[in-house]
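Letters A, B, C, D, E and F mark the chains as written, and numbering starts fresh at 1 in each.
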Amino acid sequence: MQLMKASWMEVEDYLRTSKAVLIPIGSVEQHGPNGLLGTDALCPELIAHRAAQQAKMLVGPTFNVGCAQHHLAFAGSITLRPSTMIAAIQDWTASLRRHGFERIYWLNGHGGNIATINAAFAEVYAEMSFQSHAPAQDLYMKLQNWWQLPGVAELCKELYPIGDGMHATASEVAVTYAGYPEAQKQVDMSPRIAPMGEIRHAHAYRQTFADGRIGSDPSQATVEGGERIIQLAAKSLLADFQTFSV
Amino acid sequence: MQLMKASWMEVEDYLRTSKAVLIPIGSVEQHGPNGLLGTDALCPELIAHRAAQQAKMLVGPTFNVGCAQHHLAFAGSITLRPSTMIAAIQDWTASLRRHGFERIYWLNGHGGNIATINAAFAEVYAEMSFQSHAPAQDLYMKLQNWWQLPGVAELCKELYPIGDGMHATASEVAVTYAGYPEAQKQVDMSPRIAPMGEIRHAHAYRQTFADGRIGSDPSQATVEGGERIIQLAAKSLLADFQTFSV
Amino acid sequence: MQLMKASWMEVEDYLRTSKAVLIPIGSVEQHGPNGLLGTDALCPELIAHRAAQQAKMLVGPTFNVGCAQHHLAFAGSITLRPSTMIAAIQDWTASLRRHGFERIYWLNGHGGNIATINAAFAEVYAEMSFQSHAPAQDLYMKLQNWWQLPGVAELCKELYPIGDGMHATASEVAVTYAGYPEAQKQVDMSPRIAPMGEIRHAHAYRQTFADGRIGSDPSQATVEGGERIIQLAAKSLLADFQTFSV
Amino acid sequence: MQLMKASWMEVEDYLRTSKAVLIPIGSVEQHGPNGLLGTDALCPELIAHRAAQQAKMLVGPTFNVGCAQHHLAFAGSITLRPSTMIAAIQDWTASLRRHGFERIYWLNGHGGNIATINAAFAEVYAEMSFQSHAPAQDLYMKLQNWWQLPGVAELCKELYPIGDGMHATASEVAVTYAGYPEAQKQVDMSPRIAPMGEIRHAHAYRQTFADGRIGSDPSQATVEGGERIIQLAAKSLLADFQTFSV
Amino acid sequence: MQLMKASWMEVEDYLRTSKAVLIPIGSVEQHGPNGLLGTDALCPELIAHRAAQQAKMLVGPTFNVGCAQHHLAFAGSITLRPSTMIAAIQDWTASLRRHGFERIYWLNGHGGNIATINAAFAEVYAEMSFQSHAPAQDLYMKLQNWWQLPGVAELCKELYPIGDGMHATASEVAVTYAGYPEAQKQVDMSPRIAPMGEIRHAHAYRQTFADGRIGSDPSQATVEGGERIIQLAAKSLLADFQTFSV
Amino acid sequence: MQLMKASWMEVEDYLRTSKAVLIPIGSVEQHGPNGLLGTDALCPELIAHRAAQQAKMLVGPTFNVGCAQHHLAFAGSITLRPSTMIAAIQDWTASLRRHGFERIYWLNGHGGNIATINAAFAEVYAEMSFQSHAPAQDLYMKLQNWWQLPGVAELCKELYPIGDGMHATASEVAVTYAGYPEAQKQVDMSPRIAPMGEIRHAHAYRQTFADGRIGSDPSQATVEGGERIIQLAAKSLLADFQTFSV
């Protein structure tokens, strides 16, 4: 069930048998010459929505803009400051807990979010930890990167043994192409496989990674490859979410 | 053009001829027994995406969670504190300005956002106003509620002369039904037309508005009605955005 | 009763029969060539103090500096950032609630404050709304612009049918002249009626509105006109406050 | 000149010959059985306004609510959190600097404000200190408690040799009585001279200081005594402000 | 007992008989040509650790970086903004209260910290003061400058009758030399006794105080002098802490 | 060179040939029955100070209190909220940059800090990334956990092949014992090797990890083992720091 398309009564029903909810969390940032700016938000959203078609799982709205300061030298990238993102995750969490949710599963699509999401978890937990008594309503927060769901890395390796890369990967571009075939882009890239390097601020990033990619050749991305990843990831997610829910 | 499905190169191209971008901004909150929790985010998104199919207009990601504290007594509603929302709007704006955007058009779907969006504008402008010299890069921020686009209110009145209402309106539910027909819900509501009243915190809200609606009879919502609203609003939006862009 | 001139024992007495308090809230900002920088704080203060002479109504200290970033290109204007103003309103409210006040009536003198005051209300209410249980002590916040008190707009229109305007209005200048006749200023203004336009940051404001006024001819302001407005507004306020108090 | 009653043009004129401005800064808090809640704001305001009648000195709006958390167990007291007060002082300062003011003289009426005002100065200065180059526009901030203006303590001692006290002092109550004779209150107090003690939070304060006073017998306060203090303090202030202005 | 070298079980034991803890709090900032950057943190730490050897007293970690914005024009100085320092003191206090500590004794080594520490106390107390009911767990916060411990000023005067000074004092440099003899530095200073002056931001500070000292001749500092100060201060501290603990 | 024991002139000298500085960063938190509360701060401090004896490397003050909310159910643990820690790291960084440092090497002693330190880096970098032009002064931030310095994990494995563990590890306890032999503690622990598990808030932590340890048997810790680790880590650190400095 997608929360955005559900009524409050349907969510109230859902809460009678489950206290768990999934939030896709991503980023809006350049993904190289043929990747979509929304890639990191769209990937976990596509996977989660696919999974939600197959079993009972509530998928909340997508937390779409994350930590992308290093991409700001490329047009269209949008970032939150980490301190803003922490505040927003606090508010989302407080809202969900208000309804009785005790388990929040954050399906993440962006490596650059990991630190801040974990910091936000600690910020939320700290409120409880400062109290002498255990909270009346417990809370479990889980961060899961979609590309680390069981089996996914293996499949990506199989599909793109060379040049899957680190950013604007063939895999993630494929996932978005499967989700939005009309958005496929044909762009010549050179070098074929982008360089590797270190990430700091946006000025340095652009100097190191001229077209935005890191270590990848996303021209390999296909709708078919993306569809296979979505199917596998969705199945894997369902199993993991079910374990988490109990 | 949808920013989420564009590459950074496509956005860079767009910037060569326009410095204007549109951000749909909404809320995730109960919309009565047959309305979607995502209504206020989906409406401006649907209208903006429709418009973007018809002419050159860049639509950014949807700012989906807004100010909905008063709805928190209904399952599924999510809110930002206004102070968090101001910080987030600052970050989105700073990111967009980084790329050269000078005109940001916020197409709003939620009455409860208006105050905080305007406060955020003042927070952003204040940074410039504290400086003795005019900013090298100018900035125009516009807040436009979709239901106040020229002609829209008249059409809604024509479609739903009685019981369009104030919250969970027949019009907005219709728009989401047109966008997502599979999400239509048949629910008996009583009274037919919900009561009016004053909005404070969530506890008072639930006492006053038992099923969440304010003054509305959204059972009138149809896909056809919604489609007419989207068409008109999109057309009206395009004209307004073009005026704003120059 | 003016809180500033009362003792704590007198306020404690007052609380035995009323839980309502009024806070005049304004701004310190240019009001054109003959208007006082304090106009927006002085108007609601004068009206509230007048009303408090006529019936039991506790008037708190004036929240004098508000949101005036757009006026900063004119000497003497002072602003809070909206985020600071929200924090301050939270603190004032928490203090007043501490004493048992449950109804806070904010009599506002500045259009530019409206958004931030409403955002502050939402920030305050959100604390309650995040809780599962209704607050032990309830809270009603009301924002009332003095120029929208019943009958006031009609009187202003009668007094200044042409050129009352939008900022540095003849009406508000008249109110301050009635309150502080010694502060009247004779200044030639040209054009007689100032232009209208859009408000953004301070640099743009000064370019659009050369002497600060918007759409007004405040040279019409007289002590007598101001006195009539104060009398009517005070009477109207008393009635509205009494309704709000119960 | 009082900024609140001046026009922006008059302030602009003033700035041609002086870059200094005075801000009365106080608190709204209980001042014992016969003292006014506004005492700490009214005292510096009365003294500053008196001084401004005698020579060229611009007096800004009164920063009326300060740090009074320890008084919250007495009805009518209002506090800012120190962090809010720092933000507000930053904003006032940034606004005044915008107009060209380089010297801001804070005439303080409340001992409990001293720490936070000085912390705010450091917060403001830190922005400059983090920069490698000296600021184009310099800044001098001065905190002056009115009761420490040259000669004032001696006069208070002469007027009230016994029981002037530490809070709700005979002197400060006298100053407000001189300013607002109609607000004088006759209240029996016992003990005649209130106890001394340590200040922590509001609960402890009320236990230690049953009627709010600390070490004082403010029943000695008279209009005549207050008038003598105002005259002396105003004269002393003028001299000090003139020195500061250059 | 030093908390940093204790186990949690040892602290738990300590809490069975005492609810008091001492936190040395200092600054990292230039201390003239022969003084250590860590002086203001090392002095209270050395004194507290010495005292803790002689009787039961728990000494927590040293809060080492404080408010030193005015020293930033000298290499190695590090500052917190006051607002950051307030947040950190809140967190330290909340953590210590969590374990049952009710009395926190802040032994301060830096005059520039005093305002912000007191502001932080008010911020912490305010949380309690806003509540209608007294806190279940009480809290006593004490700020004690080491140089104002009973007897210390007299000893410093005896040791360094001329040129002990205001910053980079002979006394404080002596204390660090006693603690870390290997860190002694021989530097010619001129003038022998540094000038006095006013403190604002870092740019002005460096202009006024060319080598960082204020009014001092720290070349007089010796290990022996420092050792005498530590001994006396530690003894004096123990007595004061014991009084505070009960 | 230790910054805390250096003068500003010595740091100024250092800056003539290096723009790099090292900050030990740790935590104050329970480390099981025989581990020190200061372990995570003391380990990187000991290693850094040892390295600084062997070659030119400036070691700044230890950032001692970090993110330890999950340990708050054990006496003596102190935490910053992540948002506070981010603000503090911003301030330390801004201070160091003020002096010309461009490379800051954070030698970390606590796994729970990693997320927040990385979030803080992003917060700092974001300020630069929002600007259109590259910063005049560049910045490199590096986070290095001491236990991941080249060779260290291998040595720990060699020393404690069984039960080195995840928290309150034999290795880290050994390092502190080598640094502070007098602080060694003999405590019977059962089970010999503590359980593994998941980390959330403090209440859950204490339930899962009864005496605080995770997966470790720190009774194996010896001064000799710790000394070997310090030696190797210091050597490894020097090499890494030298690479980073250039």
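As a convention for this text, a contact is a pair of C-beta atoms (placed from the backbone, for glycine too) under 8 Å apart; a residue touches a chain by one contact, two chains touch by 3 or more.
Labels paired with UniProt names: A, B, C, D, E, F = Creatininase family protein.
Note that the structure is predicted; figures quoted are calculated from it, not measured.
Listed here as common contacts of chain D and chain F: B, E. Counting C-beta pairs in contact across A-C and across A-F gives the higher total for A-F. Relative to chain E, the most remote chain by averaged C-alpha coordinates is B. Rounded to a whole number, the gap between the C-alpha centres of chain B and chain E is 54 angstrom. The distance from the centre of chain E to the centre of chain F, with each centre set as the mean of the Cα atoms, comes to 24 Å. As a whole-number value, the distance joining the C-alpha centres of chain C and chain E reads 47 Å.
Annotation for chain B: residues 72, 79, 81, 83, 87, 95, 98, 129-130 touch two or more other chains. Contacting chain pairs (ordered by label): A-B, A-C, A-E, A-F, B-C, B-D, B-F, C-D, C-E, D-E, D-F, E-F. Remark: chain B residues 67, 69-70, 72-73, 79, 81-83, 86-87, 112, 114-120, 122-123, 125-126, 128-130, 133-135, 138-141, 200-204 touch chain C in the complex. Across the interface of their complex, chain A is touched by residues 129-132 of chain C.
Contacts from chain C toward chain D in the complex involve residues 3-12, 15, 28, 30-38, 41-42, 60-62, 64-65, 68, 72, 74-81, 83-84, 87-88, 90-92, 95-96, 98-100, 176, 180, 182-183, 185, 187, 212. By the touch rule above, chain A contacts chain C in their complex via residues 94-95, 98.
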